[in-house]
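Take a look at the structure set out below.
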Amino acid sequence: MFPAAPMAGYDRAITIFSPEGRLYQVEYAYEAVKRGMTALGVKASDGVVLAVEKRSASPLVEGTEKIKKIDDHVGVAFAGLFGDARVLIDQARIYAQTHRLIYGEPIPIELLVKRICDIKQMYTQHGGVRPFGVAFLFAGIDRKGSHLIQTDPGGTYLRCKARAIGAGAQKAIDLFTKEYREDIKIEEAVMLALRGLREAMEEGFSAENIELAKIDIYDKTFKIFTMSEVRELISKL
Amino acid sequence: MFPAAPMAGYDRAITIFSPEGRLYQVEYAYEAVKRGMTALGVKASDGVVLAVEKRSASPLVEGTEKIKKIDDHVGVAFAGLFGDARVLIDQARIYAQTHRLIYGEPIPIELLVKRICDIKQMYTQHGGVRPFGVAFLFAGIDRKGSHLIQTDPGGTYLRCKARAIGAGAQKAIDLFTKEYREDIKIEEAVMLALRGLREAMEEGFSAENIELAKIDIYDKTFKIFTMSEVRELISKL
Amino acid sequence: MFPAAPMAGYDRAITIFSPEGRLYQVEYAYEAVKRGMTALGVKASDGVVLAVEKRSASPLVEGTEKIKKIDDHVGVAFAGLFGDARVLIDQARIYAQTHRLIYGEPIPIELLVKRICDIKQMYTQHGGVRPFGVAFLFAGIDRKGSHLIQTDPGGTYLRCKARAIGAGAQKAIDLFTKEYREDIKIEEAVMLALRGLREAMEEGFSAENIELAKIDIYDKTFKIFTMSEVRELISKL
Amino acid sequence: MFPAAPMAGYDRAITIFSPEGRLYQVEYAYEAVKRGMTALGVKASDGVVLAVEKRSASPLVEGTEKIKKIDDHVGVAFAGLFGDARVLIDQARIYAQTHRLIYGEPIPIELLVKRICDIKQMYTQHGGVRPFGVAFLFAGIDRKGSHLIQTDPGGTYLRCKARAIGAGAQKAIDLFTKEYREDIKIEEAVMLALRGLREAMEEGFSAENIELAKIDIYDKTFKIFTMSEVRELISKL
Amino acid sequence: MFPAAPMAGYDRAITIFSPEGRLYQVEYAYEAVKRGMTALGVKASDGVVLAVEKRSASPLVEGTEKIKKIDDHVGVAFAGLFGDARVLIDQARIYAQTHRLIYGEPIPIELLVKRICDIKQMYTQHGGVRPFGVAFLFAGIDRKGSHLIQTDPGGTYLRCKARAIGAGAQKAIDLFTKEYREDIKIEEAVMLALRGLREAMEEGFSAENIELAKIDIYDKTFKIFTMSEVRELISKL
Amino acid sequence: MFPAAPMAGYDRAITIFSPEGRLYQVEYAYEAVKRGMTALGVKASDGVVLAVEKRSASPLVEGTEKIKKIDDHVGVAFAGLFGDARVLIDQARIYAQTHRLIYGEPIPIELLVKRICDIKQMYTQHGGVRPFGVAFLFAGIDRKGSHLIQTDPGGTYLRCKARAIGAGAQKAIDLFTKEYREDIKIEEAVMLALRGLREAMEEGFSAENIELAKIDIYDKTFKIFTMSEVRELISKL
Amino acid sequence: MFPAAPMAGYDRAITIFSPEGRLYQVEYAYEAVKRGMTALGVKASDGVVLAVEKRSASPLVEGTEKIKKIDDHVGVAFAGLFGDARVLIDQARIYAQTHRLIYGEPIPIELLVKRICDIKQMYTQHGGVRPFGVAFLFAGIDRKGSHLIQTDPGGTYLRCKARAIGAGAQKAIDLFTKEYREDIKIEEAVMLALRGLREAMEEGFSAENIELAKIDIYDKTFKIFTMSEVRELISKL
């Protein structure tokens, strides 16, 4: 713990720049993401898949749901602090509903992501708050097509083809790097996502311990799979 | 006390991330929960049971009640700081009443829990406050069935089958892990809860020193047992 | 004074958790109570008694009154900082009057105590303030019967049968532990309270240096004894 | 100055409790009182006397007046910071005038003192301010009789028979302890006050360097003596 | 990390002056710019060109767009924190739209830049915030002609002929210093910009990894090149 | 500079008491006064004189005026920070004008001084500000006669016969102590003030480097002497 | 960097007094002025001249304009932080326009300067902000004649005959001290200003790298010279 002392000046009170131009609090918040359970997404030519690990610490406790529907055409998976995630997911739902009400159409995915990132950025620049310790993978379909977008605690977002966040992210990314093709179809993408998650989870890969969702260009509706559907899909692996 | 010095930077002013992405103030608040007297819950196939230790430090002082009714269909047990718990319980009652008034129906248990967790989360991210040093076990029944949900100081909640919090939690959990079955009936669940509490309390297990409550799917009403009822139940153990 | 240095991080700015989950500022505030002059209370089967030490530092200065009437049916004794106590007593009187005005009946004792504890709790969780350095013993009678309730600086309260706070509390509690019976009558309770105070005060036990008050179920009115009444009672000891 | 370092944590930012339950900032403010010039008061059976030292640092500068009239029936003497005193004296005058306006009668002395102490207490519990570095001796007459009340920087007040504050307080108190009688008449009390002040001031006791005021039950009016009246009284000592 | 300790006083809480009259937080924020990917601009006699590196960390992630259109007649490239940039770009778009609405004409480029710099300056002088960790290159055309203006984190702006910011800035500037001529035409400027970017990027210079935009005096419209257009231009290098 | 370290706790954030009951920030502010150029005043039996040093650092820069008229019947001289003085002088002029407007008569001098001292006191007790680094000598005539009053940074004021503040104050005070008489006439007082200033200024005593003003009971108007008038008066010394 | 440590207490959070009565933050802000490029002014018997160095760091970047017109009858030159200067110049323009609108006449120069200094002073006394790191030379003509006034970061202003600020100030002041005469005419003053600037700039003295402005009593209009006019004037040196 001793090495913590000299950098003591950069992690107090408000989020400020270190002499190297880094924002330590944002980087530390990202550590909370890295400690979270793995969440991943794969964009197919005709849809997007999300999959997360929701292992429970005990058989007597249900794993926390980590995939949430925001609106009919968009959902989200997250890694990091559950409480922080919930605040932003509630906000995302409000943005989506408000957009529908005012403009009479589903909110464009990137606009939704920007709004969430604006909140995240604000929490990295103003005093009296800490950054959000959570990263999201948004999956949705709008007029411009299908989207898989990652946000990080600093308010940055990245448009992705296949992506994983959380403790097992690197193993899943390694698999995606080898096997992902842009012309992948949604059914294959589901299988690739499951395989990525199997790599990322060191143990306990089973229908009880994961969540799976998809949205495709045919019915444009974000759908979370039931446990029996997941079980069936796993059996095909 | 000396090892406290190097991490001095992470526990001041506001709740901020440590370099490992941890929120020390939230973890320290959880220590307040661990020092509290044991509270536990068991979900049966037809109801939910709550039981708490309410031992008093002196025969001249009554033990503090740690099970509270929120609304007809939901109650709560807690471990941790009494003052902090009371603030949130008052808030929960207001949410429940407001929901009845506006929507003409009992508040869904998970929605109620989310509202309380939103308050808890806010106290972990904004300056000028400290987190709540209390964990809850909510027990209730709504349209979706019966619920046993734990909240922690960080604003996270967990859906549970059988759960214990506070100083003797581990002993009760060990018992539950061995003996809990999902098809347990409410009468058996009451007995299992009492046995769990007997394990958790090192001494003084008696009707005077515990509280017991249940809610079942037959009358859907949260009911705190009288001391003589508890005494009778204990005699059957 | 040297051992104060390592824990320097836990007693600044706002009241925060120590790594063991303790709130040092609240504990330090309790030290202010422990340094205060003794206050005690005894609940009889038909009433409640309060007694306090109000010794003066000099014969040229009157001792500060430490028993205050809140409303006809409830009074309070305190140990700790006089200025802090006054703020909360004023508030208690306002709550009591407001309740009478709105509901047309005396405020229930426990409700009154909860309101005062809500204020106390707030001062332990928000920045820019320190906790109240005072503990109270409320004595009153309402529809549910007679009450003796202690509050502490953290916003916790305890329903008591016989209780003492302040510098000499332990000696009085030792006496109560030996001699208190639940079927005690109010006249005996007055004598037990005086004996407890005589134990607690190391010197100077006399009608000039103490205050005594009672409320019983016959006239349900909080009554502070005059000095001559106290003198007469002491003579009977 | 070195011993100041270890207790550095208790005297910054806001007024907080030390581990022993003390409020250092309030105690330090009291030091400002102890460094002030002596002020004293004597309560007679038929009135109250105030006397203060108002020595000037230079013959070219007039000593600052330290006795102020609040209303016809009440005045005040102070020791400590002049600027702080003035703020509270202005406030006391406003309270007194407002009371007359609303209730059509002079403000009760103890009520007036409580209001001033409420302000003082507030400055010991909230952040962003320091306590008032001043103590007062209020002297007045109302329906309940004559009053001599001392307030200190923490918001506590004491009902007194004879009292002194400031640098020479102990010497005056020693005299009062020996010679004060409760049946003293106002003329004797004036003489006792002057003798007390002569003891307290190490040098320079003369009509130019002191102020003297009284209020008695005959005309119930707070009266500050002129310098020639003081000179005449001193000549009688 | 040890050398950080002595200057610890200059980088906390708010942005304050060091003894040498420097604002460290502003300088540290500029380090965030220097760590960003290269962005550059070249002003021709008949227009302005912007080019940026938008390399992605992974083939599965699209590079973040770093050239944004503000209004028809003005666009911007940036280096530094994406989240910070987005906040200011949104603000710039609002200023531009508001100006059009109120004055019925496009906002003058320098006025737009001043407004953005006013925000940046405010974040260097007031407490509770950190400076923006981003530098911009604004390119636009208004009544006064064509403009290439750089802003830095402190709120300063510079009118430029050819300029580069970010990690590879110096290499591009070296090239510009040798080859830039004021009478350069827009087509040549595009080529010079591409060559500058090729110098600045150590590897990966390709149409996929860069963005290119221009505005010229002929149609006065800010235009971002498509990837195939960029590919074609690169092939001409 | 080393001895500054142990008292580091008493001069930060807000103005707080040191263990000896001193307000260091107020004392440090007084140091700013002591570093200022000398200002002095002499009260005659029939008027008041003010004189100040206004030497310039360079022949190319005019000395700053340090005597200001507040209203027809009152003026002020100051030593300390020019910027701080200006803020309070502006405020004094507003008080004086407002008083004339509301009450139809010139503001009493002591009331004016109290208002300025109330502002000064407030800046010594509340957080987020520093005390004013300036002392004033007010000279004026009202119904009660002529007044020479000094204010200091802490909000205290002193009624004076002859007084000097600033770097050379002691030398002027020494002269006044020897030569001042209460029956001095205004013409003599002018000469005494000039002699005092000559003592206080180590060099450069001349009409160019000083300011002189008076107010007498004959025309009751504050008058600043022209440079030629000052030159003539100096020639008579 | 080591010597910075002991004075660490005086340069944090808000601008406070050091034990010697100095405001370090204001002095450090003045260092920012001293690091700025030279700005100077010369007052003639019939007008005022301003001249500044505006050298650019690179041939590809235009030097920043450092002379700004505030209103027809007044302009300003500055040394220090560009962003800070711009905020105050915008404010000065608003004051000037508002004055014209309300009073129907040009704002008096000294009144304008006072307003700007009032803002500067406020930023040296209140928490949560830092002082402005900029000094100005205001040049203008009003009913009282022509004015050359310098303001510094602390809110002080000086009426000057000839003055220079910034990195090369001393060299220019040395020249002015030798050669300035009060009866100088505006044409000579222009030449003296140019010679002063040539002394102050170590290299690069040329029409491209300087700005020059004047206002005279004949047309009373602040005029910034064009580059060719400057070139011609330089050729006459």
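Some observations on this one:
Letters are used for the chains, namely A, B, C, D, E, F and G, taken in the order the chains are written, and counting of residues starts over at 1 for each.
Definition applied: a residue touches a chain if its C-beta (ideal position, glycine included) is under 8 Å from a C-beta of that chain, and two chains touch if they have at least 3 such contacts.
The structure presented is a predicted model; accordingly, all values stated were derived computationally and were not measured.
The set of chains in contact with chain B as well as chain G is empty. When chain C is laid over chain D using CA atoms, the rotation angle comes to 50 degrees (nearest 5). Chain B and chain D have Cα centroids lying 54 Å from one another. Work out the mean CA point of chain B and of chain C, and you get 30 Å between them. For this pair, chain C with chain G, the centres built from the Cα atoms lie 68 Å apart. The residues of chain C that reach two or more other chains are 7-8, 12-13, 127-128, listed in rising order.
Chain contact topology: the protein chains form a single closed ring, every chain touching exactly two others.
The chains touch one another in a closed ring; read from chain B in the direction of chain C, their sequence is B, C, D, F, G, E, A. Contact residues on chain F toward chain G in their complex (touch as defined above): 1-2, 4-5, 8, 11-13, 24-25, 28-35, 56, 58-62, 64, 81-84, 86-87, 90, 123, 127-133. Interface residues of chain D facing chain C in the complex, by the touch rule stated above, are 3, 6-10, 12-23, 114, 117-118, 120-122, 124-128, 150, 154-163, 173, 176-177, 180.
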